[in-house]
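Quick heads-up: structures coming right below.
Okay, so subunit A shows up in both of these, paired with subunit B first and subunit C after.
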Partner chain A sequence: DGAAVLPAPQNLSVQSTNMKHVLTWSPVMVPEETVYYSVEYQGEYESLYMSHIWIPSSWCSPTAGPECDITDDITATVPYSLRVRATLGSQTSAWSTLKHPFNRNSTILTPPGMEVTKDGFHLVIKLEDLGPQFEFFVAYWRREPGAKEHIKMVRPGGIPMHLETMDPGATYCVKARTFVKAIGRYSAFSQAECVKVQGESLPL
Partner chain B sequence: GQEFRFGPCRVEGVVLQELWEAFWDMKDVVQAQDNVTSVRLLRKEILQNVSEAESCYFIHSLLKFYLNTIFKNYHAKAVKFRILRSFSTLANNFAVIMSKLRPRQENEMFSISENARRRFLLFQGAFKQLDREAALTKAFGEMDILLTWMQKFYQ
Partner chain C sequence: RGLRTCLISTNLRLIEESFRGIKQAIQAKDTLQNVTILSPSETLHGMKALDVCCMTKNLLAFYVDRVFKDHQELDPRILRKISSIANSFLYMQKTLQQCQRLCHCRQEATNATRIIHDNYAQLEVRSAAIKSLGELDIFLAWIEKNHQGTSAA
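This part shows the complex of A and B:
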């Protein structure tokens, strides 16, 4: 009856960067056989009020690889319990449960990739498309003593955005960071990128 | 970023669009089970003209009832109708909202909290007048009415 003869997957862990969450584990090795895995999850509400209820993961019930993209399953900023088991034919392992529940507010937020370009005298930025959860705060300034920094909120990424009409001969710099509303956190700022405009600089 | 502002109560870390998407995924299945079409639990007169000050008390009572009564007793149906994913998204986000609501308890707020309580009791009364299973099904299906009302406080 498919008793649990397969070893349970070990070393479960979650890698989460920019709100993309991947559960990984050590593969169960059976020579010349393909082992499949099933992943299930529980939000905090289920674990508190209906702990017997586990929900099959969107993409990994079953899956062949020793990892699972659980991004679409983590839809609240609460601790999630996750478990995995192995299956080979009629053989099924015991469940292995992630030691510490995962909360998406622990995701690593990286400075956004960006392209700063000139379109004639127009300063244009195109930010990395990180998905609907992300807003971008863009800071830009004219590189001169005492320059004032301007801030613009941009959403979504992936679309060129006009920042400023520049003066001939001047240099303008830009940096950006992300904000994720669902977890109320910012990334660090990216490195500043500067562009210089052709032509004679105007007298101040 | 956007947040819920129920009067003095602020709630960050919930993306309303995620809740809507979860409800839309299960709406047809859930509302198809509601055969008592002549009754509405979250009636207009309960939801209209809720003052900012009242809104924190009212949403706290509503979400507490939804989490402790409706979700807790609806989960078997959620398994049966294969809507656990949406169920989980809504339950966990409602739990986040509730955990961040801090309705003030000072005496001068008594009349406001009483107004909110009367509204909630109208809803609860209508719920209790129905057969238990029918009431759970209707209340679960009326979450679009609840989300629409909550949306007014999402700024």
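This part shows the complex of A and C:
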């Protein structure tokens, strides 16, 4: 094991949005040299029962950049400890460990992107494809006094979905939010989008 | 009132995927073909709905406290999958703990659990751990069957 002469990476942190988790750190600078990094993780199980076991991350053992996509490693809703060390030739730094274990239930859930379109008299929505862990709750209504709001659960995203057959001359509005069962959380609703249908509105 | 009233909201599909990724490699290391630990015919599949919650709790503990600890894995690829399953089971245990009042243990479940532990104890510990890991699909299928509510996730 090479003597630990390289400085250990600093400022480890995790950015997590919509269940995509990226570990970042400050790069170790060595003029005219490429420093590589190795990332390892421990789930709560390992830290409780097998604390000597650290698992090499799927994509970053080693990696050249000061960041690592750990999404495929964080596969349960429990705290994960993460550590990084730098390597240059035979020189290896000490491990730097994330100050607070990361739990994916802290991920930021953003309102989903959506496209609301008309196909003749059909109200159609296409939602952002956020991956298999996401369900979508779509609310839609006819814009008129006392309108009733309808709710539909859509899964997965990325595929156009028929919501309603519309009346001529009417305006319909749609908004959506995501739900991730693995962490039991919803996003905020997106802004409502409205479409108006051609033709004379029918007498009430 | 069985597991249905104390639902585990866990993504079983991802756990099954993790197991499928290592099943062949794990079962290839199991040299004792005529022996079973979970012994489906008498133990698990005979369970009544009333005993499902307790049996689930007991088997999660069996794997978390015994099997995963007794198995030493060197291949990082397999280690990752086992870690994923172990941490998911830990999460399921926490979910079940919230249902403590609904998870009564009758004699039937206690006896069935003892059979499994006795089967395990009769083998050399590494062989027992490998065999139990290889039989995870039996346990996962049993949870799926008794826990239809979550499989849609």
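A few points about this structure:
The rule we apply is simple: the second predicted complex is superposed on the first by the 203 of 204 C-alpha atoms of A that agree within 3 Å, B and C clash if a C-alpha of one lies under 4 Å from a C-alpha of the other, contacts with A are read in each partner's own complex, and residues count from 1 in each chain.
Assume a residue touches a chain if its C-beta (ideal position, glycine included) is under 8 Å from a C-beta of that chain, and two chains touch if they have at least 3 such contacts.
Values in this document were obtained by computation on a predicted structure and should not be read as measured data.
If you put the two complexes together on subunit A, you find that subunit B and subunit C bump into each other. When both complexes are overlaid on chain A, the residue A:C194 reaches neither subunit B nor subunit C.
In the superposition on chain A, A:V5 makes contact with neither subunit B nor subunit C. Using the contact criterion defined above for the overlaid structures, shared-chain residue A:T75 touches subunit B and also reaches subunit C. Contact with neither subunit B nor subunit C is seen for A:A64 once the two complexes are overlaid on the shared chain. By the touch criterion defined above, A:I183 lies against subunit B but remains apart from subunit C after alignment on the C-alpha atoms of chain A. When the two complexes are overlaid on their common chain A, residue A:I159 makes contact with neither subunit B nor subunit C.
Residues 43-46, 49-50, 53, 55, 58, 73, 75-78, 133, 181-182, 184 of subunit A lie at the contact with subunit B in one complex and at the contact with subunit C in the other. The part of subunit B that touches subunit A in the complex is made up of residues 1-2, 12-15, 17-18, 22, 67, 71-72, 75, 79, 84-85, 88-89, 91-96. Chain contact summary for the complex, subunit C toward subunit A: residues 9-11, 14, 18, 64-65, 68-69, 76, 79-80, 83-84, 86-91, 94, 150, 153.
Those residues of subunit A that touch subunit C in the complex are listed here as 43-46, 48-50, 53, 55-56, 58, 61, 73, 75-78, 133, 181-182, 184. Subunit A meets subunit B in the complex at residues 42-46, 49-50, 53, 55, 58, 73, 75-78, 105, 132-133, 135, 179, 181-184.
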